[in-house]
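Letters A, B, C, D, E and F mark the chains in the order given here, with residues in each chain numbered from 1 onward.
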């Protein structure tokens, strides 16, 4: 027979256009505006940090899959690329290169491939990498380069503080918000991203733009990001309305730190978030609440990374309790 | 091999014998170690005192002065030291709750003029490798022979003169706060201390 | 009766083939809890070894006198006595280590390794085998704890047995002397151990 | 005596006494009986939990053994007669000896002799592909080649031969647990007596089609010609639905049937190399695809 | 307020399993199914609270007055062992299904260092009182239960994952515990 | 907003290439292969022998039980043999092979019966005739129709739903039938309403068949008891449970049947077959088949005799195009890929779809990224990713707890999976095992 044989397979025989690769690259595209802003603000450092993170993530995935696990190499599926990119977004621009490499190793080697690779990891790899670095190297990880508009140098980073850092330290040592407000960047600056912080987390507008793109492309649904931000706003709002001198207002909380990056890009990671909409809302409320608690009372000024990791751990539990309603069953009443 | 049957009598008997032997031997060992244990406990405190104070010859531990304050939860302990009846300084315990993981407790030895003789960290739960470096000479050394009246006990970031530990500003702040509180207490009761023994 | 090869086996199995930590997962709590430095791990290991040795000896001696119903309580009392002795001795003579190990000293009592060996081995075997078993298992435990301690200390603090081999200001992986590091280090060490033993076997 | 020592002795003794008393009372009050035999039998069983005996696990098999009066029908294929003897001794019951059996693959449809006519796309599992159609070849009785039996084998006693696309049993490792038989949607695996030196003679085909159609799908198929039936001196061979079957109970391993089969679909294993006999020689020449080779593989492995 | 601090500290900040390393054996052992882990958590909660009550009273009203506090370890473990065995015997009779579910792990509670550990730790509380000690034990058992159930749910999930051969079993469980503990580091400083 | 069902659903490209093609009557083939298992349930029993002469419409295999159906000779001719032939199940099955008598004129009559509106038969007789004349569900499931009409005493029926949804892409058989035989279908509906004693019937038609909706609205303008429901286009609206949910908003209970909510659903093709059986005494010996595919010269709709080999149909539309990789019996979502073109058309064959490399081959299977898309589209509220994993790892009991048996095998999950995972393959497999486990337990 010249022509290839007839194919037999079970139904369905057609398939949608969507592939996991396309989804991954959609997320990458959505991160581009924020990356451009950080290029503008941090200059060359942003480029170096990001490319090192991406390259080392891809490289580790390749090496570990090929030589340690001896399985098929899947670096082209875009997931390692995305992990690298997100890791870079979550560290200060200009972090020592070897630390970025360590972070990538932790993210890919420990958090992802140890569990069997894409889809099986319980915790968000990029965040595990980031938290690992944060715990190990708190100095470098909180050495925020000053936002210098149109920076093109690779000069030593000038250390600045993040909005949340200023508030945390200030309040702990008896300051009030009124005193501190002078030190804080304006909300417009925060919106645009002209402030200190991790490489990709500063520009609220650019991140929102990306988030919007993802929603339009139906890569993510509104449930997680909106609920996270809403929970944060409500909780900080309550504290603020009780004692505005010792609690920052909700707007500052939403625009500062990794709130938006976390809500739109980290918490929505499909692998490590719940399946059902109901589960997503619970998950997101948890993230919002834990973030606020850590920000207000914890030792770390920013808690969204931890909050997401903690809630990641709860995802299997959420998934087994919040099932989709089965067709034809009376409204729920099903546990486990 | 033969096992004893599980009758009530057997069970009770064997348990009683075992507890008997255990009780006896434990009591015995306790008697043996009672003295060394107390010594070891004392030695720890004395060692700390010795480290922070100039030479002294009075029994510091029994002459502790406890002062109720608002700064710390419990009373503050002050150990005045004398050498041949002459006041040579005092060790004051200072604490701060604002460490990275809560309580930081230090013992500060002051000379009669109020300058710091030495500091020893008694308790802390700071991050290993960062905040815990407060125990190291590099950090402690900068306080030696400084008089808080003209040496601003604050980290440089807050306008003081103390070089904070790298990566552990919060721990350093707690430390300086504890030192400051010790100093404040010391200044408050210094006069009564010197007088009391005269 | 057991010949020499068996006796050798009794001794050796605890170190590699039935290593209490890597293979049998006994006594995980102190393993993870006190191994933030090599010295602590070693100290804990030795303390456990002592208790294990003594309790195995005694259990093996008195085993035939104890009715089966009260076997476990009896064993526990025997073990607890030795633990208390260790506790008191440490407090009196090595207060530094006593403080470092803290609550994990009394907890040697509930180390599954000790009760497990007493139950599974010493209560069924003669004195000599029991002593050898205890020594082997104990050494395996010491070995595992020390290795874990060394690993964590090197990674987390840049030192071995408090000898610092990197500069004061060098960045070390502090995480490894924190709780999560204990789990993670042990996870990968046990893989390594399995790989190594699989090869030699 | 020192007071402290006395105190400590007193305290411990009284504590011990109280505990013992309480436990004694409670254990009397809440007594639940469990047959100690169950644990004993479970100790004897191999603990593979393979379910070859028909019970879900060794523990439940032990329970069954203890509960059943006559255990001669119960058999642990993994442990074999030795284990069953031990169990019987422990329980004081009789046990029937069973001939050891081993799994054989009754299909020789390698890629060469049985051409593929379609291509299957989907999960690599015989059970799943069998659900949607009769397989990539035109034979709807033979091996599907996706290795469900290999996956099912808990003892690493099977592997897929990459050149033929057929599974091979490593007889030394086979415990005769029957998992592969269960896993095969085509029922091409059969448990046959191991005999001495693992000598076996069996029909390596299950095709029930008429000769021509069967032969077209696979050149080594049994075409139902009955020649073997005719030569068999013991009437061990029966023809049902155009297919020969050698009943191991009557077969004396005389091998008369082997050379007469025109399509070489009768397999003999582990017999000494042929003593330059014409017919057998011809067989080797005629069939280079290697059903004899597979036997060698068994030996190697 | 003290009680809230105790609760939060025990459940989140100084979680008994994830940062104190107590009760690791049952944590790794009885966590392959959510349902069993719930049972185990319940059993530990029960035993831990009762045991701490008993040991606290024993310590403060017998050992201390008699100057026998060096017998702390041995008396505590005796009391706990007896208590657990009692629970076991009673459970076997009263609720066979629960007994089946917890199976061999009930005796493990005896050698669960969490129970003894908490009993000892409860003595060292600031301004301690019986109520506080018991509440402390209860909070810790809550922390244990939380960690156990979350861990069990993750393990159940991982049962369906393709864990690499070498990582299967203990290593992956330890790794999950490690990452869980890493995530819980975020609570540092809450109290 | 048009009505649709409540949970899940997908929108595959419609590709209705033949919706404007009138149904052509195909000349009877020289030889027909009539399988005896053309319906769900027990196969029919052959009652003819080799060399028997048979008339058109003569019963050649008798119903083998309650859930079974008669089979009639589609042609007049001679039985040449009783043979095993591969049918769309992929396996060789028993077939009656009949050579068409080319001289017998009845084989070539263009039967276009005049419209007959009066219904003479009583309900019981209607059901009996439906059973005798071998009517089965023509939507694809081939469930014997008389079984559906045997309503248990305790169930109260109140509505008949006519399935004119045809949600499968490519297929247009029902669409064309509705356009060309609208009035007959209305009569058919009335027949069934009479048989069921119900006074309400709703015809559900997806809005992409606008002409059919219009036509039926016009035809039912005077009929109080018959309504037309235009529905949003969404797959799998043709599933009974989904259709009931879309039209009436009722959810058939888990593990229940439509009759549990007082509804009987029938396909328009079935209705037409019933019409012909009741009014014109014609057994089910032919059906409408869409022969389609993007590469075909002339995709069309045909009236085809049951038993016609598929190759005859392909000849008729211009022959097998180059590069064909897959031949599907049915639509692309639920149809079955067949091994060769000798497979005969059966009562369940609603279409033949010929696809080439691009459409035929499955993409590379990747790891599940837990995007939850399968959960979102599942019309039954299941978690396909979980069910697949469970049956892959052999955890069937857990799968049964997760309601694997309620899966309707619509394939929506496999369709959307961005990682090309064979979700339905495994779920179907798991269902099979679970079913066997359950039956072995009883």
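The rule is simple: contacts are C-beta pairs under 8 Å (C-beta built on N, C-alpha and C of every residue); 3 or more make two chains touch, one makes a residue touch a chain.
The UniProt protein names, listed by chain, are A = Ion-translocating oxidoreductase complex subunit D; B = Ion-translocating oxidoreductase complex subunit G; C = Ion-translocating oxidoreductase complex subunit E; D = Ion-translocating oxidoreductase complex subunit B; E = Ion-translocating oxidoreductase complex subunit A; F = Ion-translocating oxidoreductase complex subunit C.
Everything quoted here is computed from the prediction, not taken from an experiment.
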Neighbouring chains common to chain A and chain C, by label: B, D, E
Count of contact steps on the shortest path from chain C to chain D: 1
Far-end chain from chain D, centres as C-alpha averages: B
Which of A-B and B-D has more C-beta contact pairs: B-D
Maximum centroid distance from chain E, chain identifier (CA atoms): F
Rounded Å distance, chain A centre to chain E centre (Cα mean): 33
Interchain centroid distance [CA atoms averaged], chain D/chain F, Å: 42
Intercentroid distance (Cα basis), chain F paired with chain E, Å: 60
Sites on chain C at which at least two other chains make contact: 69-70, 73, 77, 80-81, 84, 88, 172, 174-175, 178, 180, 184
Residue list for chain E, restricted to those that touch at least two other chains: 70-71, 74, 78, 81-82, 85, 162, 167, 171-172, 175, 179, 182, 185, 188-189
Chain A: positions in contact with at least two other chains: 4, 6-10, 110, 117, 119-120, 132, 135, 137, 139, 299
Interchain contacts, given as pairs of chains that touch: A-B, A-C, A-D, A-E, A-F, B-C, B-D, B-E, C-D, C-E, D-E, D-F, E-F
Contacting residues of chain E [partner chain C, same complex]: 18-25, 28, 70-74, 76-78, 81-82, 85, 107-108, 110-113, 115-117, 120-121, 166-167, 170-172, 174-175, 177-179, 181-182, 185
Residues of chain A touching chain F in the complex: 3-4, 6-16, 18-20, 22-23, 74, 77, 79, 117-120, 270-276, 323-329
Of all residues in chain D, those that touch chain C in their complex: 12, 16, 19-20, 23, 27
Contacting residues of chain D [partner chain B, same complex]: 2, 4-13, 15-17, 19-21, 24
Residues of chain C defined as touching chain E within the complex: 25-26, 28-30, 32-33, 72-73, 76-77, 80-81, 83-84, 87-88, 103, 106-107, 109-112, 115, 175, 178-184, 186-188, 190-191, 194-195
